Amino acid sequence: MSRKLYLDNAATTRVGKEVIDEMSKYFDEFYGNPSSQLYELGRRSKEAIERARRTVADFINANEKEIYFTASGTESDNWAIKGVAFANLNKGKNHIITTKIEHQAVIHTCEYLEKFGIETTYLDVDKYGLIDLEQLKEAIKAETMLISIMFANNEIGTIQPIEEIGKIARDNKILFHVDGVQALGSVKIDVEKQNIDLLSMSAHKIGGPKGIGGLYIRRGTRIDNLVHGGAQERGKRAGTEGVQNIVGFGKAVEIVKENFDSNIERITTLRDRLIEGIKNNIPDVVLNGHPTKRLANNVNFSYKYIEGESILLLLDMEGISASSGSACTSGSLDPSHVLLATGMDHGTAHGSIRFTISEETTEEDIDYTVETIKRIVDKLRAMSPIKNDEDLKKS
Amino acid sequence: MYTAEVMDHFRNPRNVGNMENADGVGQVGNPKCGDIMKIYLKIKDEIIEDVKFETFGCGSAIASSSMATELIKGKSIHEAVTMTNKAVIEALGGLPPVKVHCSVLAEQAVKSALYDYAQKSNKVIKGLENYKPEDDEVHCH
Amino acid sequence: MSRKLYLDNAATTRVGKEVIDEMSKYFDEFYGNPSSQLYELGRRSKEAIERARRTVADFINANEKEIYFTASGTESDNWAIKGVAFANLNKGKNHIITTKIEHQAVIHTCEYLEKFGIETTYLDVDKYGLIDLEQLKEAIKAETMLISIMFANNEIGTIQPIEEIGKIARDNKILFHVDGVQALGSVKIDVEKQNIDLLSMSAHKIGGPKGIGGLYIRRGTRIDNLVHGGAQERGKRAGTEGVQNIVGFGKAVEIVKENFDSNIERITTLRDRLIEGIKNNIPDVVLNGHPTKRLANNVNFSYKYIEGESILLLLDMEGISASSGSACTSGSLDPSHVLLATGMDHGTAHGSIRFTISEETTEEDIDYTVETIKRIVDKLRAMSPIKNDEDLKKS
Amino acid sequence: MYTAEVMDHFRNPRNVGNMENADGVGQVGNPKCGDIMKIYLKIKDEIIEDVKFETFGCGSAIASSSMATELIKGKSIHEAVTMTNKAVIEALGGLPPVKVHCSVLAEQAVKSALYDYAQKSNKVIKGLENYKPEDDEVHCH
């Protein structure tokens, strides 16, 4: 294996040296429990947490008192949705609106809430993965308590019109939760301007450590706790804080903040080079997601007549790490629910590969990727009994 | 995730390709489920002289097809029809539980091709009396 | 400040060098998402998690398939109790039995469940903090679905007769959850022998990192998820795993396992030296908890006529970190609910200090502690308007 | 958590101790709540010549008592009675929100001691007309 090329940065990212250095003090030097305010070691831990909280708050234009640390983007999604749902239990507000292309953390949470009498409407998306604002308006009922829509999709990278959705929610006095896990660090998030009431974040998608997330909760929002116990996080999220992880999250945000615009511009250019390279060199491919309203680092194509897992395995042999759909579903055999929601047929959906690049990706890497994926697609197509769209649609 | 044997058959699949004037052809699976296997047989004096496959599917589908063709190549049709998915799994040194259906598909593809041969040549193959070609309904595993 | 003496190891522990070293590879070398099984980096992460899982399972005589990683002992407690309660929702099983001296993670969870129609009986304890098995038996009703009792108390160190409780639970076909957060690493835990169905654990109490816990769930136990989403942890606890933290948890357990018996013996000897030292040198003190059925590292006394926070502040000035009650309540002004449950009056309860030692504590440290606490108690008593038990009981 | 001023008054409290033949003694708080403050006054010509305190309580209770005694020492009883908890907090450079009640207690202890003096000496102190010694019920803050 000559080359190592990690192109699955939407699944998780490498933790950089600066982040590791910042975290390292909180293992065996400043190891106090942040709840222990009566001695120095405990106060140090607490201060470190509050510093990180301010950094995260600044980054999304929130107040530091509105940021709560959790263990993952998934926990944040669960908390936002269950917390609002349970706070409204038996109050005649039992309806949630979300979309068909949310992360499982949202979809499975909404499904679970059915047993508590809570109903969910799943909005459609068009072939680019965009929701229809008119359909959203029509879905709103007197019982609707929450609209939960992701800022940007993790598989196809499509960015929703969050500000407009937020306005609709506000006009109807409905809370608006945004799964911002993929958007954080790639799109400018401003909870005020975008009318966001709850925002889920996750550190490991932006160069921070795994197992730490955040939830922005607009002041005054009525929400139950998901995890009960001690008085951590101002009594709203119990459990001894993963201090080192919180510090790492803060540092990762700090790094992303520097040169934000120029970095995003550079990555976007590379993304488009990869998109053009694949489109121009490999026949019978479909770009998934919106051509322009998409995450700066996301390239997702369906390669007709072949299947995604075998592409991934061959890519791995060539040193390239990529993904077919989201990392979390890679254990399952169903084609991506996101691609199906865009109206794609199952057969084509099965042959989809997501490359997600990072600041470390070079032009040379992009060109190597185009050449490699072309070779692999050719090889697998030669083996396939499906040769055209007719074959693909038979079933 | 996969054994070395699976990876070997995936990376260097044996007997890939199609075949003109095959004596029996079988295709199972469908694109909806993400696996299709097509097997071509050349048969002379009830012996499988040559076999080819084409597969749309995951790594273990390709490896299972490749292994199945190896297991029946040179065998008599009566031996070939007794090849089970277990034999494919064993020869591959095991498959992850979620991938066992690939080996089942390989067994069915072989049976389907033998059935096609039996139909065309008006032969009876013991063990295929009750074989029914796949119905049209789709059941993904 | 000449000396630094950390005696609050029940609040949290220092992460040792071996643990840090083991974790360090999982930041920027093996940083793959463990859900990404189709490339090398992802498989590495997954293997590391499974290795840690086996280590933890072995340590409590469980099967590795029965161990689930969470973000804290608190989350484990929440999951065990809410998970069982919600799995039994509307099935006529709406009663939980616990004790008055549980950690807030248990008590606040049970209180929260009231809004879902779930009732909890809180068992009394005697002056040593022990429950009464007869009272437990009487509390059992046809509706009882869960008994949740801590193995050892975090404040006063009292160890409950877990095996006997487990037998009672089993005889009555009631699930038995044990908060083992303080017991892990200090008491031999054997989920088979002790009839435990669910066991909460936390890494940061045994030399592991903060923000990672575990829940043992006996195979076949009907329990809802607390966090829904991706297929992590065999579909039972969603969210990208804190791989580095899980690795640290596993390593910490591995270290605790080595020389377990001799370490516990050594610590017990030091504990008793501290207990004797305080008893023999300071008048009007009360040892909290059981004299022998107590955690090897726990020393908790009430110093009459003075208040705990001022003792702690003076201890901090002398370089000694200790705690008054549990770390999580240190923000609150109420005296410890645990001490009140043992029948202690408020005034005396206010003057309680917990020292919890570690393997690193020396005899010299113990003697310095005795001498220092004596000096501090003398100083504060000289300032106090309360001079005897009569004064103390007035209110 | 605490300001340097609080820590200084906690570590080196001024005017600690009791007083024989005090002209006024006031005690507020109770052990149930975790704070008791007792203030002793020596008064001559309506001037607080000396003051002592004893406190059972947390760091900020001790610091608040110490600061309160400093604020009234040498002042006339009419000035002393106007000392508010805010003045104590300010002089201490601030108190955490959960500890503000300590400064309230200090204000009350001073008032209680002045009231005792007024009672004993049959004086009227403006500002104490409506002062009622604590009722027996316990309200912890």
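Here the chain labels run A, B, C and D in written order, and each chain numbers its own residues starting at 1.
Definition applied: contacts are C-beta pairs under 8 Å (C-beta built on N, C-alpha and C of every residue); 3 or more make two chains touch, one makes a residue touch a chain.
Since this is a predicted model, take the numbers as computed values, not measurements.
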Query raised in the report: Which chain is most remote from chain D in terms of Cα centres?
Result: B
Query raised in the report: Could you state the distance in Å from the CA-based centre of chain B to that of chain D?
Result: 93
Requested in this report: Could you please state the distance in Å, as a whole number, between where the Cα atoms of chain C are centred and where those of chain D are centred?
Outcome: 40
**Report entry** Between chain C and chain A, distance of the C-alpha-averaged centres to the nearest whole Å
**Finding:** 34
Query raised in the report: What positions in chain A touch 2 or more of the other chains?
Result: 37-38, 309, 313, 331-332
Report summary line: Every touching pair of chains is listed here as A-B, A-C, A-D, B-C, C-D
Query raised in the report: What residues of chain A sit close enough to touch chain D in their complex?
Result: 37-38, 43
**Report entry** Touching residues on chain D, where the partner in the complex is chain A
**Finding:** 1
Requested in this report: Write out the stretch or stretches of chain C touching chain A in their complex.
Outcome: 6, 8, 11-17, 19-20, 24, 27-28, 31-33, 35-42, 70-75, 77-78, 86, 89, 103-106, 108-109, 111-112, 115, 202, 204, 209-213, 224-232, 238-245, 309, 312-313, 315-316, 321-324, 326-332
Query raised in the report: If you look only at chain B, which of its residues touch chain A in the complex?
Result: 2, 7, 10-11, 13, 16, 18, 27, 30-38, 54-59, 61-62, 98, 138, 140-141
Query - chain C residues touching chain D - in the complex, by the definition given at the top - result: 305-310, 313-314, 317, 331-335, 345-347, 350, 382-386, 391-395
